[in-house]
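Going in written order, the chains are labelled A, B, C and D, and every chain counts its residues from 1.
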């Protein structure tokens, strides 16, 4: 329990130096609060590490370690092995960005999964190297502007496709791999809780918008990540031992343009012939993902509309006072 | 009890006696036999440790980093390219002040690729913040490994035990393995204050900026410097308990009254002793000084040992490309700082597994210094068949 | 100093990222559109919120703070609240009137009684003229606050227009009677058959009471302005309804029963009349000068005033409508009325905004009718109140209800009675009166995030199959389960319902949850605006920081 | 009395050359000497030429250099004579134990040649043409640097994990190697 807020742990507490509206900070707060302080957190180098630890100040309220960029999964393997050797079952959780997962960290991650370490690896996917100033990563989607995939006379942004890392991970025949976003907290919660009930290597890829790198209003981080799902560009899926076991159905498919418009990283695509081709390409990519995962017709109770629903914890009503207990009793 | 064991096995037995809880490694010649033995010990139930087959040396180093931070005594071993692949993590382990112990089965670094022994790999890591102990024999490897855990855990510093690949790792020779009880008496159970534990949460490896990074480094430098008396004390205590000492920081051989000192590290020093004996028998005033502890660099002790000699020959199996001998350079700096102008001849040899035979060592002694030619070092001559030289 | 290798957990809180902020979130309740449009200013959201948790009696109490006629209003009010409901942009409006009726019916069935607000009896006496919705509403508020109240009414039955002008199929008399009884049970003295100027004089009122509230309604129908001398087979809508409500329905059309009846007017009274006539077995045509719903010229504001729901019900029951039609003359053959000549209306209102239709020549048509009923508005009859009606609040006289309102809605009358009571009490206490303060802020669906609400179909009462067989209620009330679910459809526009979105989504843990709400930790809030963006109900505003 | 012997073993990968050196060193150790055994440094490839070295000494062995002037050379595969300088550095009067029918180099009078069909003998005992223990038996018997008993102990120790049958077979092969020398000596005598 946090001393400022009795209703939560605040494993990642205030005073961290993430940009205003940071999707990764939000995602990490959600995930770590769901897991709680009785776990050991290993962090790869990246924004999350940089903005949470600064000159003798730490925003973490759980045991936390950062080593280097590429090795978070291996450090976690070591921590988990140490706990196993000591007969403890403290959960071990890795947090890494897409660079530390898709690119430089992939080898250690693969090793960790192959060896079956009882570790939850969480990738906060913001689709570029944001920490160093928005350079493209293998997670950067097609046609996105970054500082190393700039549009120009001969280019419409990134030439290559976003790496399908969840399939790579799931191909390890591992117990649980899933995608999630900050926009659907109930879904994210269900996935984190499910992951924490399973033993062995587990993987969560959480789309976490970066207002700086995606060039959108800082208030839109949740909105934009919701649109990524609703357009079909970022399917929310669960894979167990390599098999697709869960899909979040789309209540309705939205055109990709709704997702692309609010983001400056796609701005160059609007208003030119070459850009229009890429817009059609992106739409086709969304359509293909929808077909691949059956996002419109999946046989599931879970769809984007029901996963959004707010739960009433209190009472609305202007100036309404709590009912007196007498009033409640009288109603017989 | 004395046994005839392959060096790798001897070290693996010593590791077992230290009761590590996590062993992680990635195979690379000539380290392979060490981890194969450890894997077998775990498989046989002789060693109660988690044996983690890492996906790379980078991973292996990271795993032991995590293991120690997670509160377990850990071990890894590597060599050459593997050590360099670990580099980033090794600096990190040192910066985090984690008491990791590793063996470097010293091997050359490519290109061209070469699996044979020299010291270029571990010397490249000399600035990483690790204590580096270079051993001469398999017995010393065994004893030093046990001491290494004691040193690492007392100083909160990582220790690299450097043993020459093949020359030691693949050589069967007699080794006296201590008993488990004796090692348990010498080495207390693992306890590390900065263990990741929800009961006492702490943040390790956080970011720093210009306003305190230098202070971290300064503290680290002081800690490594301060390890010198600790290394000496534990070697002395080891001697008390086990009847064997290895010189602490450095080991002199027939240096009394010597005019010339041959300085070097590792397994080549056995042959150097043989050469010293031979030359002494012929009336040459020569002695040897073996540097066991390269990091921390025992400048004062070196100056003290070498204050009486007129000529110093540094034989080393590594080169700092573009500069020359590394050990020689550091020694010159130490002497200069002490106001001594003793000439230091820097001889680089034994690279890529080339055997520094007694004949070569002797010829180095007989060669004249080339200082007047302006060179700061020279390469040792190639080995010549004994038939063609002195046969007596 | 040697820096530490292990950093203190949570030590980042020493750094106050709140300094980065240029905008700040503010939790601010908005007055929702339902309440905004409710003529009685009911806090609809509040009582629906209580109903979501099945605190039925508390919900009823909350409702009756403003309107002591939930069972009545739930039936007859044209629920402007529902037209304004933001939920219609998601699926369909919350069935507020059915909820209101449900609570009212529940109160009647369980015989709930109104609780006084103040136990200390007041000594200043208040007289109220007119036992209609305005007078009873005012009396209710005053009595709750401990004032002795006496109501004078010329009629033999209380209820005013509610009693006399609402057909039974919309409001059973027993329902109205129960609610009036519950109001009177607060200790109100009711003097029936007491017309001011006859049974009691104006001066007596002034002498015996500290304050007088005139809520005499608009009982006198506006007459057809035509020049015809004969009134045969022509009557006003109010007269028709009064006679019907007095039990004259059989006699009304029995003598040479006309097959066709024309009802002139576009208001709710016209619809009531038309629907009653259907129940009496005749064909009926409503002639309306305005446009039909959804087909009007917005800029001119020419939509017919009658409630859409009522029009739909009427159409369902077979009522015919002719829009944009004005009356040229009544067509008679002798005394006998054969029909009405109508013509196209070009302009409904004149430039002063008064009803003054311009008819185009050459567009005349004939509508057959054996009876013409004019429901074209009503006026107040100030007879016997000549002096008081000229008085002001400074003289201790208040005016309210239909007599002074343009809309002539029962709910407006209720609201007017409430305002009068509040004003009277303030005046008697010598305090300044402040008109409803919480109507300032408003919220539209654009300020909300409707995707956070699940789509749910609206719950309705059941509609009788044999609706034209008599004057029984057309619609039944909601079932208990449906009522709960319908209450939960309320979006709680602009008012926090503690969904936790702001709390979950804050990247900086700057939203602090407390018992009963949230707060912003100014030390850490960076002002990103996500909380406001993702607040389902638009409760959070972002404000630019100045200075 | 000061003792110092250096031996070089030649063979091919898979013939047990390094094991032979280790067995020899272990036997010497069992006999109370200091000893060393190590391969010529290189990666192990089946079929490729392999070298291993042994030092036996009455005092501590400090040097870790390779052996350049052996007192004896053991050749596990006569075919290697064609391509390798197997006798390089062999001391004058040094011993050559050759797995083969006869001395292929009648010119080399400086050395003492012992040739025996070790592969066939090994095959008989081990079911596989492994000459190493046979040759070790011959080396021990012809030099007396180590005792046959110590060699048997070494075999028992080093092959402990491989099972009783293999140990017995190897000891039998070793004994036949010893017997090959002693019988020959008896004949000579």
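We take it that a contact is a pair of C-beta atoms (placed from the backbone, for glycine too) under 8 Å apart; a residue touches a chain by one contact, two chains touch by 3 or more.
On a predicted model such as this, the values are computed, not experimentally measured, just so you know.
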| item | value |
| --- | --- |
| B-C against B-D, pair bridged by the larger set of C-beta contacts | B-D |
| Averaged-CA centre spacing for the pair subunit D and subunit C, given as whole angstrom | 113 |
| Whole-Å separation of chain centres (CA-atom averages), subunit B against subunit C | 92 |
| Cα-centroid distance, subunit A relative to subunit D, in whole angstrom | 66 |
| Subunit B and subunit D: spacing of chain centres that average the CA atoms, whole Å | 34 |
| Contacts with 2+ other chains: residues of subunit A | 52-54, 56-58, 60-62 |
| Residues within subunit C bordering two or more other chains | 3, 7-9 |
| Shared-contact residues (touching 2 or more other chains) in subunit B | 96, 201-204, 206, 208, 212 |
| Which chain pairs touch, all of them | A-B, A-C, B-C, B-D |
| Subunit A-touching residues of subunit B, taken from the complex the two chains share | 21-22, 24, 48-50, 52-56, 58-72, 74, 88-89, 92, 96, 196-198, 200-209, 211-212 |
| Subunit B - residues contacting subunit C, complex | 96-97, 194, 201-204, 206, 208, 212, 215-216, 218-219 |
| Subunit A residues within the subunit B interface of the complex | 37-40, 42-43, 49-50, 52-58, 60-68, 70-71, 73-86, 90, 107-108, 110-111, 114-115 |
| Complex contact set, residues of subunit B against subunit D | 4, 6, 29-30, 115-117, 136-137, 164-168, 170-174, 267-268, 270-271, 273-274, 353, 355-358, 383, 385-387 |
| Residue ranges of subunit D touching subunit B (in the complex, touch as defined) | 21-22, 25-26, 29, 34-39, 41-43, 61-66, 68-69, 88-89 |
